[in-house]
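Below you will find the structure I want to go over with you.
Each chain carries a letter (A, B, C and D) given by its place in the written order, and its residues are counted from 1.
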Amino acid sequence: MFPKQYEALQVMSHAVVGFPNLDENEKAIAGLVKSGVKLIELQVPFSDPVADGHTLVNACHDALKHGGSVRATLALAEKVCAKHPEATFILMSYLNPLYRYGLQALFEKAASVGIEGLIIPDWPVEEIEPWLPTFDELGLSPILMVTPNTPLERIERIAKASRGMIYVVSRMGVTGHQTQWGEDFQSYLDRIRQYTDLPLAVGFGVRSADDLNALAGKTEVAAFCSKYIEWQRNDGSDVAAEKMEAMIGEVSA
Amino acid sequence: MIRSDNGYFGEFGGRFVPEILLPALTQLEDLFFQLRDEPSFWQEYLTLTQEYSGRPTPLTPLRRLSRQLGGAQIWLKREDLNHSGAHKINNVLGQGLLVQRMGKKRVIAETGAGQHGLATAIMAARLGLEATIYMGDEDIERQYSNVFWMRQLGADVVAVTTGSRTLKDALDEALRDWAASVETTHYVLGTVCGPAPFPEMVAYFQSVIGEEIRQQALQQMDRLPHAIVACVGGGSNAIGAFGAFLDDPEVELVGVEAGGRSLDEGQHSVRLLKGTGETGIAQGYKTLFLQNDDGQLGDTHSIAAGLDYVGVSPILAYLTQTGRVIPDSASDAEVLEAFSLLMKVEGIIPALESAHGLAGGFKRAKAMQPDQNLVINLSGRGDKDIFNIARAFPQAEWTGFLQREALRSKELLAETGGQ
Amino acid sequence: MIRSDNGYFGEFGGRFVPEILLPALTQLEDLFFQLRDEPSFWQEYLTLTQEYSGRPTPLTPLRRLSRQLGGAQIWLKREDLNHSGAHKINNVLGQGLLVQRMGKKRVIAETGAGQHGLATAIMAARLGLEATIYMGDEDIERQYSNVFWMRQLGADVVAVTTGSRTLKDALDEALRDWAASVETTHYVLGTVCGPAPFPEMVAYFQSVIGEEIRQQALQQMDRLPHAIVACVGGGSNAIGAFGAFLDDPEVELVGVEAGGRSLDEGQHSVRLLKGTGETGIAQGYKTLFLQNDDGQLGDTHSIAAGLDYVGVSPILAYLTQTGRVIPDSASDAEVLEAFSLLMKVEGIIPALESAHGLAGGFKRAKAMQPDQNLVINLSGRGDKDIFNIARAFPQAEWTGFLQREALRSKELLAETGGQ
Amino acid sequence: MFPKQYEALQVMSHAVVGFPNLDENEKAIAGLVKSGVKLIELQVPFSDPVADGHTLVNACHDALKHGGSVRATLALAEKVCAKHPEATFILMSYLNPLYRYGLQALFEKAASVGIEGLIIPDWPVEEIEPWLPTFDELGLSPILMVTPNTPLERIERIAKASRGMIYVVSRMGVTGHQTQWGEDFQSYLDRIRQYTDLPLAVGFGVRSADDLNALAGKTEVAAFCSKYIEWQRNDGSDVAAEKMEAMIGEVSA
């Protein structure tokens, strides 16, 4: 279940399937759910994750060494969707692993195990549009990305093709750290909301309770991903979940 | 002129990039589509390649070697005589003209062998642009001499330490940079790959090779050649050489990929032959990639760093599918043999990349008749690759020299305290 | 065409060789005198340089650098784009044609920087001749990469261990070989020096440079250049560039010698400036030599191995004496600065030899007006000189790379057992 | 005094001035004279001795380090000419050291200290001819070289310009060791004798008593130089002189 427009801020977080390993994924996801995370991206690791920053790039490479794959992701999804019905699971992947699996079969399988959304950063709207009838039939929501340099007509087109929510890339570029949540950002959100009633999920540069507080009231979802993976890598999944819980507790929503 | 169908060549091509890169690709495409139809732009480009890079490059007859092999008359298209030592400069100079029109002040590039990075650093110096070159950590070590020159030329060479630390990772990293800098920066893609409009655009600039071959053949052979052979990394020198002959079915077009040590997984970079590359979508475009069942891009190997790439031009993937281009491959061992043969019989030092074209071409020529003509595109020269060639032909004297030179260098550094 | 007066240019030149070499020199002179007056021979030579070496080489405008220096418009004559990377190939290809007519099957050459040896090895491979290259032991170590290539090309490189173990000793040794082999062997002298007819003959072949400059200047500048600048080792690239302008007194001709570390004895290779070289007779001819009071030839130094020579062309000695050629010099430090400047502002990597011409030319251009044109002959490219350049710009990263590469090379050698 | 045509074989030998050092030169020359050598070349060491083989090249370089020079040669000549009137001293030099000294002055000085002949291997006949009046006036004999590939007309010209004797280069090339004294060699000598009544001095490749015996009866002078310098280098001047004496004793003339 995706949030409704203008609902209070929810936190979306992340699992890279196979990082640190497949067993730990399950435990980590349970920890995330317990800590109050409502939406979880299950990322199929990929050899060439061009839209990710270095934290996720390295997690992908590690994950591949520990059995991460499309099939492992579907198997994990099947388990965690069943076990955590209160959470919304989104399949995040680059196009090639899905393409290689077979797109039609993949989407059917994903929907059948309980996946509700899809984030595919290298799949542009033009290529997605022909698939919309399939997605609507399967109840799978394609979550497309808008970036600060996306022209208005294209925002409109993306908004039309999106389901569930729109992924708002907060800034130019996948690396770098500090993001500003000021007036420019607000007018960026306003620009998007002209074309959609869908909730907005903001990603890139969300790295602290301060960021979450800044976003509360502005957007419906904050994607807290790279930082969480850093915690996971440095402190282990348990501590990462505790930190997540503490941080969500600090949000003044 | 090679034209895509909305970014596609048959089923290959397209533009599969993060949303953030879309506007830059569209801007580039608009500009390019406008300019490619202006004859004055092509003339401007030709003048630049002439006055700076020495075009046209000659078509050299290999009389002694042809006689020795006993088959077709072999000719070399001498891209090795370009400024910077390879065909890569053609594309880069062309993109340089576009950068100037866009008013951008910075360029980035990925590089594997270093040849494209070097060409980009050269263009950036000539035009007064900042340049950042992404290069896999592994490749930096294998191709250090190119890194040395890029830095001397004032470019910033960034070591990429993710993934396999080679070309494809450098390409990924360049795309990441571009995502953050796209408003001020142009991404100089090095070969006929990547998202539209790059394949079409690079093919356009490299087409100067084939246009010259055509003219020169008519002049020097009095007819079109019977066959044209080129090595295939990304595919730019091959497409460049083939482009002017696509509508002449009597001209055989042969692309030679890196057969490496064997056709076992990870031991080669052959993507066009049956049972090697599989259709996939990555690095911004759809083509034949070496990949596993899970869609992960595979490991590659070639004795020639510039052919050591996991994907291949969507244009070549298409032309191979239609049968217009004949795919072939040459093993590391065959390549070294062809390399030595050309040096010893004709006094030309080929790049190891280009020596793949030689190996494929010599084999073919032997089976042909003396009244037939075969052109091999000599995409680059080999003297830039001394460390690689020395690795390919291990000799005690070289080892001794390196040891002494390392010592001298250390002493010199101690004396001067470095720069 | 530059013509001697019975082997002399003013008081310089002549033929001072052991009796045993006389017949070969006479044979060569007879053949050359006959051929140089046949227009078809010049055409044959031009065709060879075109189809094999990519002539004509372009005349490249340096727009950015000229603006930055604020003086004359600077142009580079791009001999660096020749096959083998320097102007030396012109002469060698021309002599190759003579070798074929004489029916000799073996060539020998002296080499300092290795550039002429490399060019000779290339020509020998192309024509199917045996080649022996004499090179000072010291130079072999300084210029090992050229040795590496000469050997790969199939040439026999002989280390000369007598005297100062550099160029002049290699020349002496080549003469000794020739004395024993003169009936079957041609001596490919590398510059406009040595006994008649070499200076005249090498000037003839290298004159292609100046002929092209003249045509290109008329086309690209609409007039003759105001000045032409070239570095001077033996003098072949300078004479080549100047030859077509000797009768145009409005064109300044400037030869830049290697100023080295200082003008102290043994620290430079300046022979044309007052107080440096003195008239002498050695190595087969009469010219200005660096020498002591006893007539012993002196020690020389230059950062550029190809300028590190004790004598100088008798033609240049004469033209300097008459005032037609203006002698200048550039110090090692000035040369490195000019080297970096050209790379960073125009993306061209010059040979250290050629960078002497740059240093002299830039200085001159600054004092000139923007509507004047100055041509610098870029006699060769620098990427062949990576070890030298790295020595000139010491960097820790290079040292580290060499150490690792030496280790890798050793391991590789152990694995393969060498060739 | 040079020998007359068809006189019995005389041995010419060699000193490189400054090798092994200037003092030793005097002693060595005395040894040579005592051993029966009649003609002695005093070689001015030169930095670039192109017409010499490696033995003499290396001797030249050593000599230069030990004070060998034109002036040292003249000084030595002054002493040894006076001391050994029974021997004939020949100045051997490359052109440049003499040229630098001043040719006219040099020739005058050489003649005045007792030098009787000149061997200048890089001074061709064309350049020598204008000097013949000077030489004749000074009583200096220019000894020119003929080589196996010298054409007949040129032999004639060289013969005309030569005085004292003609230097017959026995073979092509300055290096290499074994020389044949067979029929070809005889017809080579005959070729030269057509044009001259001067005695012939054969040089290059004379390295043993066998060589001397082969030449006896064919030519008037044998130049035994490199091998002697090798002895000098390896065994010292005294032993070298003893070996010379022993060898000359073996000659069956």
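By definition in this document, a contact is a pair of C-beta atoms (placed from the backbone, for glycine too) under 8 Å apart; a residue touches a chain by one contact, two chains touch by 3 or more.
This is a predicted model, so every value here is computed, not measured.
Taking each chain's centre as the mean of its C-alpha atoms, subunit A lies 37 Å from subunit B. Averaged C-alpha coordinates give centres for subunit B and subunit D that are 65 Å from one another. Distance from the subunit A centre to the subunit D centre is 97 Å, each centre being the mean of its Cα atoms. Residue positions of subunit A in touch with at least two other chains are not found. Among the residues of subunit B, none is found touching two or more other chains.
Contacts between chains trace an open chain of neighbours here, each touching only the next in line.
A list of each chain pair in contact follows: A-B, B-C, C-D.
Those residues of subunit C lying in contact with subunit D across their complex are 14-20, 22-23, 162-163, 168-169, 172, 175-177, 179-183, 278, 280-284, 289, 291, 293-297.
Contact residues on subunit A toward subunit B in their complex (touch as defined above): 46-51, 53-54, 57-58, 61, 64, 69-71, 94-101, 121-124, 127, 144-147, 149-151, 154, 158, 169, 172-176. The residues of subunit C lying in touch with subunit B in their complex are 50-54, 57-61, 64, 78, 81-83, 85, 121-128, 141, 144-145, 148-149, 152-154, 220, 340, 343-349, 383-384, 386-387, 389-391, 393-396, 398-399, 401-406, 408-410, 412-413, 415-416, 418-419.
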